[in-house]
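Following this line, the structures themselves.
Each of the next two complexes has chain A plus one other chain: chain B in the first, chain C in the second.
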Partner chain A sequence: MRNAVKQSWITFKSIFTGMGVTIRHFFGPTVTLQYPDERMELPKGARARLFVNIDDCIGCNLCARACPVNCIDIETVAATQDVDLGKTSTGNPKRFWLTRFNIDMAKCMYCDLCVHPCPTNCIYMVPEYEYSEYDRSNLVYHFSNLEPDMVAEVKEKAELEAEQKKRDREEMMRKKAEEKAKKEMEEKKKAEEKSEATSDDKPANDKQGEE
Partner chain B sequence: MMEVISKDTGKREMVINMGPQHPSTHGVLRLELVLDGEVIKEAEPNIGYLHRCFEKYAELMDDYAKVIPYTDRMDYVSAINQEHGYVIALERMLELEVPERVEYIRVIMAELQRIASHLLGIGAFGLDLGAFTPFLYCFTEREKILDIFERATGARLLYNYFAVAGLMRDVHPEFKTETSDFVKTFRPKIKELNDLLSYNSIFIKRTANIGVLPEKVAFNYGASGPVLRGSGVKWDLRKNDPYSIYDRFDFEIPVGSGELGTLGDCWDRYIVRVREMEQSLRIIEQALDGMPDEGDVMAAIPKRIRPKEGEIYTRTETPRGELGYYIISDKSASAFRVKARAPSFVHLSMLPAISKGSLIADMVAIVGSIDIVLGEVDR
Partner chain C sequence: MTEYLTNINPVAAILIHAAIPLTIILVYALVAIWGERKIAGFIQDRLGPMRVGGWHGWAQSIADLLKLIQKEDIIPTDASRFLFKFAPFMMFAASYAAFAVIPFSSAYIGSMVNIGVFYLLAVTSVLTLSVIMAGWASNNKWSLLGGMRSAAQMVSYEVPTIATVLTVILVAGSLNLMTVTEMQAGNDTLGFLPNWLIFQNPFLISAFIIFFISILAESHRVPFDLPESESELVAGYQTEYSGMRWAMFMLAEYADMLLLSLLGAVLFFGGWNSPFGDFMGGPLWGYFWFMLKGLLLVFVMMWIRWTLPRYRVDQLMHICWSILIPLSFINLVLTALWEVIF
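Moving on to the complex of A and B:
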């Protein structure tokens, strides 16, 4: 009997201790925010959405290679010699047209791994979190600012130049081969002469050979 | 079609499914229970609903560093601790020296994460047993920790913050003051929690003498962490096999003692977590005092991670127990084999042993008290 009374007293007391805590909290400050009306300020470095400053991108593909889930899709076309794409704000020369730079934010896991390798710091996270979409495809962000006809144009130009270059290279190879043959002939001749010539000629000859 | 229910029962028994979408199973756990009236005759956990091939991914990635975000996703409640084990394994393989400042920040982060994880475990445990209020108060405190994390790492849950021999970014300038403020305000909250939940008679009635895990059974199953300590075994890898710089700190290992019931019951496991939070606060305070203010946290990160041929097993103490990574390197850019020894998985396997003979209502308490995260069980 006494035990039962004691037990009841303990239970009673523990419940009221708990009640005391809740009452203290009741009169304490609120911790919740009434979301669409109030918003929490995200801190500066929050990782919420990727952004690419495409003007600064040099198309080096490092970010795409660092991504564990392959959600960055980059296509580049080498710029032809007649155009100068300028430099990025960090001073790196730009050599590629970025014909495609898509990031699938639906796949992205905000790991920040793509941000660190970028040489021009042009891919980074922005504290922007209200970007849900009804259609999944809308979450694929297109960062390339080239128009489709422009893309076709630069591709064509690049192809032409590539072909030209290939031809040039072949031409050059042929010339080189000819020159080489000529030089070898000359060298042979010189070697024959050298046996009679003084030792002063030797270094000069070597240099020529290197060139 | 596959048989969904595999149990064959006699006349008196009934099979019911608990989960996988049951509100009081932590995540997608499915339990097949054979009941005799209200008494559990047999319990069998069915897992795999959250399997994401962590180990296979870890072997397929073309870079060791790319696996770190995947480790976060194993036990998403204590992501920092998961990363910690993995980067330590790689650092030992590469024989890298970790800068002092990095080590201190890591320890602070890991202990903060431990508190956050225990708060969730405790809160959800109370919630399972019908105590709604402590859950909200625990979450209020947990939010504060997540705020600190967010300012430091940029993310709230899955941080990808630790890099091999470094950190992904430096902490914000107010990190120290913010954290020590938190430590100060959090101490009284533990007492509040004790008043509200730990020593509440109803809560004690629901947890004491329930789901008793004797020391021997715990050893046989390979239990670790608070589950093992709840059974009265003083075993903590931070003390028994120190990693990082844990040997520099002064803290105690709380163990269960069967104060209010039998040794190794649900209440013991619960109270170990509460007391561990206090110890974590002690570690954080000491680490904040010792943390150097200067130092580049990214300087020592290697460009290429190519460990020598060989294998390694490292274990760390996560809020749930011993998390081990077994990595075999074949000198290529990714591991030949990665195996994660997840404490939740081990603890879940004990469930049939400790729940036999208890009431079905207590099953919820038992599952809550071993504090599993299904993300880690299934990986």
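Moving on to the complex of A and C:
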């Protein structure tokens, strides 16, 4: 009998304790975030969508090399001498046209490794996490701001310039070679003249010149 | 109101009398289902439905109802078709019929019969029948198990319910719920408490505790929701039902909850009597107080639902047969003695 009373006392006590807990929560604050209406502030340094400030990019390719999954695809074309691409906001001179700068966010694994090598801090993660797409190809972000015809023009120019440079170099080489040959000839002449003047004195020298 | 309508047109009077409790049940079910979800949400530090209808998702139940109406009415091939189709309506009819003797306010009671409580208990026992009918007709072992459990539970818990109701009737001296309510008017127990029956006799407090536990089991609420224990029996006897037939079960369940809560309010908390004596009295205030008391009990039922885990079947039967039934009869005898002595 005493045991039964004790048991029922414990039962009722635990029931009322539990009900006390639930009623406290009933009147307590809720933790729900009404998602599309309210958003949680992302913590500092949260890893989310990559963004490239293309105006600051110097085309050094370090990010693409750092990427473990090769999701960054960069193509650069050297700027011709007649254009000045200016400087980045950090003061580095820009020397390349960025004809292609694609990041495949479907491949990206948010490791943040591309962010740190960048010398001009132009690639970084922005607190943006809602970019679902119906087509996977839409997840490839094109950051290059060059128009296609501009790209073609730039490439053509660069090729022309490269050819020009090659030709110039060849010309220079030829000139150098000619000069060298001329010089040698002159030296030879001089030597001959000298040897003619002093032919009997130094036969060894003459012999060397002939060779 | 009753006599006036009957004098004009008896048929219209019957229809209006029938429509009033139905309206109350339907509106209550919409509010209670939404309320239960909100209460569940707040207890679990969530918000519950928030989208439909603007303010706190108040139209959620209406949207759910529209969805249920559109659903296909599936009847299993091997089911007993007539019984399968008939069970939900019988269940709702049983809950609804019992509202006839509930005095909603001093001016309105569906049927002023002398044997009100007896009629109520007799009609609600049909619920057991419809539950087992649904379980059997579904031709599904989970449904049948759920139906059997439910039948066992309801039959068992009817005994302590009736014993505690009898305790109150012993004190009140009438089976008519209107008379029981009227005799609880006034405000002079111990000088300040209302003349509600629960304050009249110490044994009526224990009777109320037993009554409340029993109605939890009778209306299949946690911690006695074994017939439809989601985690074990899929949904018990409702497993094979879909669309509006399932909605009828849901409606009947909520109606049953309200019915038993209102019965508790009549028997122990003075029905439509205001807790402040004559202040805020009158038929409309009476309706307000009565529904407030009933809905508070419903709230406590929901509160318990989100607090306690479920009992095992054998524990359920143990609680009923070896604890509640002896206690309720001892309580009945002690109440009778108290009445004789004082």
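We take it that the second predicted complex is superposed on the first by the 148 of 211 C-alpha atoms of A that agree within 3 Å, B and C clash if a C-alpha of one lies under 4 Å from a C-alpha of the other, contacts with A are read in each partner's own complex, and residues count from 1 in each chain.
In this text, contacts are C-beta pairs under 8 Å (C-beta built on N, C-alpha and C of every residue); 3 or more make two chains touch, one makes a residue touch a chain.
Note that this is a predicted model, so its numbers are computed, not measured.
In the superposed pair of complexes, A:Ile23 makes contact with chain C only, with no contact to chain B. Touch criterion met: A:Ile10 reaches chain B, while chain C stays clear of it. Shared-chain residue A:Gly45: touches chain B; no touch with chain C. Touch criterion met: A:Met125 reaches chain B, while chain C stays clear of it. Between chain B and chain C, the partner in contact with more residues of chain A is B.
Within the superposed three-chain model, A:Pro148 lies out of touch with both chain B and chain C [touch as defined at top]. In the superposition on chain A, A:Met109 makes contact with chain B only, not with chain C.
In the superposition on chain A, contact of A:Gly91 is made with neither chain B nor chain C.
By the document's definition of touching, neither partner reaches A:Pro36: not chain B, not chain C. When the two complexes are laid over each other on chain A, chain A has residues 15, 18, 21-22, 25, 31 in contact with both chain B and chain C. Residues 7, 10-11, 14-15, 17-18, 20-22, 25, 31, 42-43, 45-47, 66, 68, 109-113, 116, 125 of chain A are the ones touching chain B in the complex.
Residues 39, 41-47, 50, 303-304, 306-308 of chain C are the ones that touch chain A when the two sit in their complex.
Chain B contributes residues 61, 63, 65-70, 133, 137, 140, 143, 150-151, 153-155, 158, 160, 168-169, 172, 192, 195-197, 199-202 to its touches with chain A in the complex. Of all the residues in chain A, the ones that touch chain C in their complex are 15, 18-19, 21-23, 25-32, 34.
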